[in-house]
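Working notes, beginning with the structure itself.
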Amino acid sequence: MNGVQPAAAASGVALFGATGYAGREAARLIATHPAFRLAAVFGGPERVGLPLAAIHPALRGLTDARCEALPENGRAGALAGDLAARGVRFALLATPEAASMRMAPPLIAAGLRVVDLSGAFRLDGPDAFADWYGADHEAPALFDHAVYGLAEWRRAAIAAADLVANPGCYPTAALLAILPLRRAGLIDSAAPVVVHAVSGVSGAGRRLREDLLFCEVEGSVRPYGLPRHRHLAEIARLADLAPGDGLIFIPHLAPFDRGLIGSVSLRLAPGAGPIEIAAAFAAAYAGAPFVRALGDGPLPSTGDVRGTNTCALGWTAVPGGRHLVVHAVIDNLIKGAAGQAVQNLNLMAGRPEDEGLPR
Amino acid sequence: MNGVQPAAAASGVALFGATGYAGREAARLIATHPAFRLAAVFGGPERVGLPLAAIHPALRGLTDARCEALPENGRAGALAGDLAARGVRFALLATPEAASMRMAPPLIAAGLRVVDLSGAFRLDGPDAFADWYGADHEAPALFDHAVYGLAEWRRAAIAAADLVANPGCYPTAALLAILPLRRAGLIDSAAPVVVHAVSGVSGAGRRLREDLLFCEVEGSVRPYGLPRHRHLAEIARLADLAPGDGLIFIPHLAPFDRGLIGSVSLRLAPGAGPIEIAAAFAAAYAGAPFVRALGDGPLPSTGDVRGTNTCALGWTAVPGGRHLVVHAVIDNLIKGAAGQAVQNLNLMAGRPEDEGLPR
Amino acid sequence: MNGVQPAAAASGVALFGATGYAGREAARLIATHPAFRLAAVFGGPERVGLPLAAIHPALRGLTDARCEALPENGRAGALAGDLAARGVRFALLATPEAASMRMAPPLIAAGLRVVDLSGAFRLDGPDAFADWYGADHEAPALFDHAVYGLAEWRRAAIAAADLVANPGCYPTAALLAILPLRRAGLIDSAAPVVVHAVSGVSGAGRRLREDLLFCEVEGSVRPYGLPRHRHLAEIARLADLAPGDGLIFIPHLAPFDRGLIGSVSLRLAPGAGPIEIAAAFAAAYAGAPFVRALGDGPLPSTGDVRGTNTCALGWTAVPGGRHLVVHAVIDNLIKGAAGQAVQNLNLMAGRPEDEGLPR
Amino acid sequence: MNGVQPAAAASGVALFGATGYAGREAARLIATHPAFRLAAVFGGPERVGLPLAAIHPALRGLTDARCEALPENGRAGALAGDLAARGVRFALLATPEAASMRMAPPLIAAGLRVVDLSGAFRLDGPDAFADWYGADHEAPALFDHAVYGLAEWRRAAIAAADLVANPGCYPTAALLAILPLRRAGLIDSAAPVVVHAVSGVSGAGRRLREDLLFCEVEGSVRPYGLPRHRHLAEIARLADLAPGDGLIFIPHLAPFDRGLIGSVSLRLAPGAGPIEIAAAFAAAYAGAPFVRALGDGPLPSTGDVRGTNTCALGWTAVPGGRHLVVHAVIDNLIKGAAGQAVQNLNLMAGRPEDEGLPR
């Protein structure tokens, strides 16, 4: 089968949490990547032994990997050592926070470099984690290692990191919209930055919850996660804005499977006109392969970027001229999760940033 | 057939613009209403002579009305006189602005009382109309007659009016969320009120536009109408806020057929706490049959009000305590169009406000 | 609230299994019915004590009933006696087969008349049940009481029954299409009758199964239940055709929430021409309030009957003239479940067949 | 940008009819193909001069081609000569029948080899075309050249052809299911082969028709095209079955954008058991890169093959053992249109059959 036999020189990647939607996309991207190979996949106990392609029919013909059991407490170290001995260099954690906190330390200790898709290492430290995630942090020492993996803003740090905290889906869209203006001093923080967002249902994961059943979602849109969605803390930290007074975040779920739009309204600083705005975006994303700045006028649709690692950005001056609306669209499973993780793996491995990733 | 023979005493209603989605809902509500009868229906030239139930299969068994031609220029007066002579007391205009401006004057001159679902009479006067609709107003004298038909806020004026400007779908949701706080002085207008909204596709009407084809809409969400959607002017006028600096409006289209959510973020005035907020909503909507205030916490879904004339409202205090998010959900075709029109007809005819309307 | 206070003379109905989709529709139809009242509702243990309107937001304002616990083994008799003592005359079972078999005997013994929406009493007897449902029948004595509740074909028997087996959703559509031709001798059974069907997702119930999650269903259609879907036995029994050689049944699930189409192809007996076919349908459904025979040509859509108890039928002669295709569309939750149950309750209670039911 | 600069040696392909959905997919597949380059694209007059990536946002970054005008009558020959002079070797016609009949002769005369996605050359000759398409054939001489492009069954003829009639979407799925059994003599034609099919909405094209609007399609399934859908003639011809008495075809439209399932029921010839059936499929598709035979039991879903050129096949013995149901799923825009066209181009150009095509 095509793709089952990767190049001999490809770096081995171990994928933990392969059975969800982000895990499926990660497996697909790694299995078809010219510089990586899917060395091992791990999942929940009910899937152990199954071919990954049986769990995800979309992977048929791309991989013959079978799902292995996540190690039990006390066994993670041995597994990490075993992976290292087999030449596996990278681990991608598409696991919940608890599993990521348990797996990351032994993997790093064994010499693997880790990209974590959970929220375990995205905030400032264990106190912030406890505050927003409602649980004690199990690996606080690793916060010193963790680099926030918004590739467009941290290429050098990511390239050198042994632990990358892959951004959440909402923060990816929101920060790509906000940071160019924020860093250029074009935002007047006397009014809050308001991030309104609409996500497809895969953003909630492949979980057996009644509110994710087709008949509950179809034909309806609803807000959720207010007032303290965890991504509020993540956006606020990176944009250096106070959650609440400085930054308001209102996420919604709508009846489509994948895609996410962040619609950001903000007050402009004095002197921030169309030229300064355009220049800020141009400077921020010059040479960035996955940001497409549409400029002032065209409004992006999530369908435009479906299946790609691209973030499309458009902005519109509000009548009166003191406020701006910025729209950012991504595929939540690609740029908002697995694709950005592979983008980070590319940087860590010294490969071209866009290798193996659809635009 | 059931419903074809209304009570003898039912008031006749002439429906103009019966072939679109709002027209379909209006026809259904009037045909099944205990106090009204569908006396005549008018539509575009390509439908003339067709039974309305052939144009809208959902109306089968409810009406045997056939679609008549909208009168040509110069013939509207004769038609209006003819309707009056047949005892028709009300006209409901589900027509574009141009047709509404042409039909309203002769209908009112002939003694009919008119509810207009278009934007022709919603703004301050002909100048505002020209500014936001890009066309001269053809019936400027009627602005003196027009009452803005947001029933919950203008019951007495509507009851006495001969011309009611039925609110737009977005303004209905946004104003029901904003007005209680605005009128109670609980909004600090130093920061703009930001109205993000997501509408189902029927809000764009039954128009042959490529961007409304199933394959263009399915699986995607997109903003549109920026920066000067006409409903911005309407919301701003009624809420007494400046479009742009005082009020930002960002509408989106998502892949569902009917339903609309307005998500409003605003800065609270000093002293506006949970008790004052709850009191403002309670006072505004005491006895209102179609507003369901869920209070602080529960978040409404558009699916909850599908097919009803209800607006459900929920609000959430933002961390920090200075800002509030209010959510308002409606069925855009019912409370956002035909249902509110019938609610207004009820008030005009001295009937119970909720007669014939689903909650 | 509207509707909470039914007429004093309304007959009490106890609803078992109120938390699923069919149960929700049944609760809505009974709560708004002029001749019935929702006397008690029973559901799974995790819902006990909750207002039904909290479980189903669409019921807000229609009922203030709270969910009671289904009785444990040995307690069903006491409960049935208690219901009888409270004047409850009817029980509607929207429960799985196991619960229906357990509840029906004590309810009937206590004098209540039962409509069962499960498959417990639809087949010929306990052997057929065991063969198709893979479990022993717990109430075999009741087969003598059970009347198959396809109202259009069994009005008199239903009116007199104390146990009505409400038809399955697929059999309702398929049998309404097949029986007029079959009973008139217009089908040549030398070729099998082929029933291809497509159902909306609510047909699978409100179950926490991964294959019913939005992201698994959206954008895809799939067959299921082959080769021995239980409804094959039910259709075959009523149409007097051999499952398999005489009748082939191929159900599919597609991404919409409610609605069902049965597309039936069959060989015509010699002499069965357009006149005989039309006559057979006309004779079968003269005066039937819920069957709309569109005749030869118009093709029905499930959307046409959404939210109603109507079955629309259309048929088309196949080139060559020896075969016919018949299409039947229903709302699977109304005519295919709760609506037909209320239609049967109407017949049992001596009410007009269409009372309280939308067309 | 990636992909804009193809290899120097890539063969030029001219794409006619680039603005529809099949045209979009064809442009994408050719622009990213290692052995072809998109030399020119032609579309309707209202698109002339626009970058193809502006018409189809999904093509951004893949091609900088601009849409040229389809030649007027009398100008096709000059255009064809011009294309030949520019070294263009292949033409892909994603045009309606009328345009295909007009363009194919001059293109072939100029030495280009043509793959036509329309129905112009799929039937037996001009009489059959007139009978099923209701129009005279404008290029009857080309029927001698035309090879039916169902690649799995005609590889050698396609490789040598200068005109390939690319199969319709329904015939692709139906014939891949029927032909192995039909050619092996395993079908008893005493009963008709019944092909029920469900297609996503893109199968109807990107046409401004009211019945293709989102709100008309969403939430509903409907049959269409009966009794004489053109694909009935195409399937019947290739399967050597009489339309009507030997072959019944019932297409449906359901609310998803892409994907198609053909569900085929048929009577087995005496002696056709599980072993013979499996052997027939195995023999037919040994080495076929795009047919995945799942065997007896697993039921395919259209979602499994979304975005790929794969046809997945599953079959189930019907109780009684005399009949079989075969399911075939494809992506109607890929294997059912543009992907199969590129598969045929691969064969014509002597490239690997699966080059540049997703599985």
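We just call them A, B, C and D in the order they show up, numbering each chain from 1.
Just so it is clear, a contact is a pair of C-beta atoms (placed from the backbone, for glycine too) under 8 Å apart; a residue touches a chain by one contact, two chains touch by 3 or more.
Note that the structure is a prediction, hence the values are computed from the model and not measured.
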Selected pair, greater C-beta contact count between A-B and B-D: A-B
Most distant chain from subunit D, judged by the mean position of its C-alpha atoms: B
CA centroid of subunit A to CA centroid of subunit D, Å: 37
Euclidean distance of C-alpha centroids - subunit A vs subunit B, Å: 40
Centre-to-centre distance between subunit D and subunit B (centres being mean Cα positions), rounded to whole Å: 46
Residues within subunit C bordering two or more other chains: 216, 218-219, 255-258, 301, 303-304, 306
Residue ranges of subunit B in contact with subunit D within the complex: 21, 201-202, 206, 208-210, 212-219, 255-258
Residues on subunit A engaged by subunit D in the complex (per definition of touch): 2, 57-58, 60-61, 218-219, 292, 301, 303-304, 306-307, 354, 359
Subunit D residues touching subunit C - in the complex, by the definition given at the top: 190-192, 194, 196, 198, 200, 216, 218-224, 226-228, 232, 242-245, 248, 250, 252, 254-259, 261, 263, 265, 267, 299-304, 306, 316-323, 325, 327
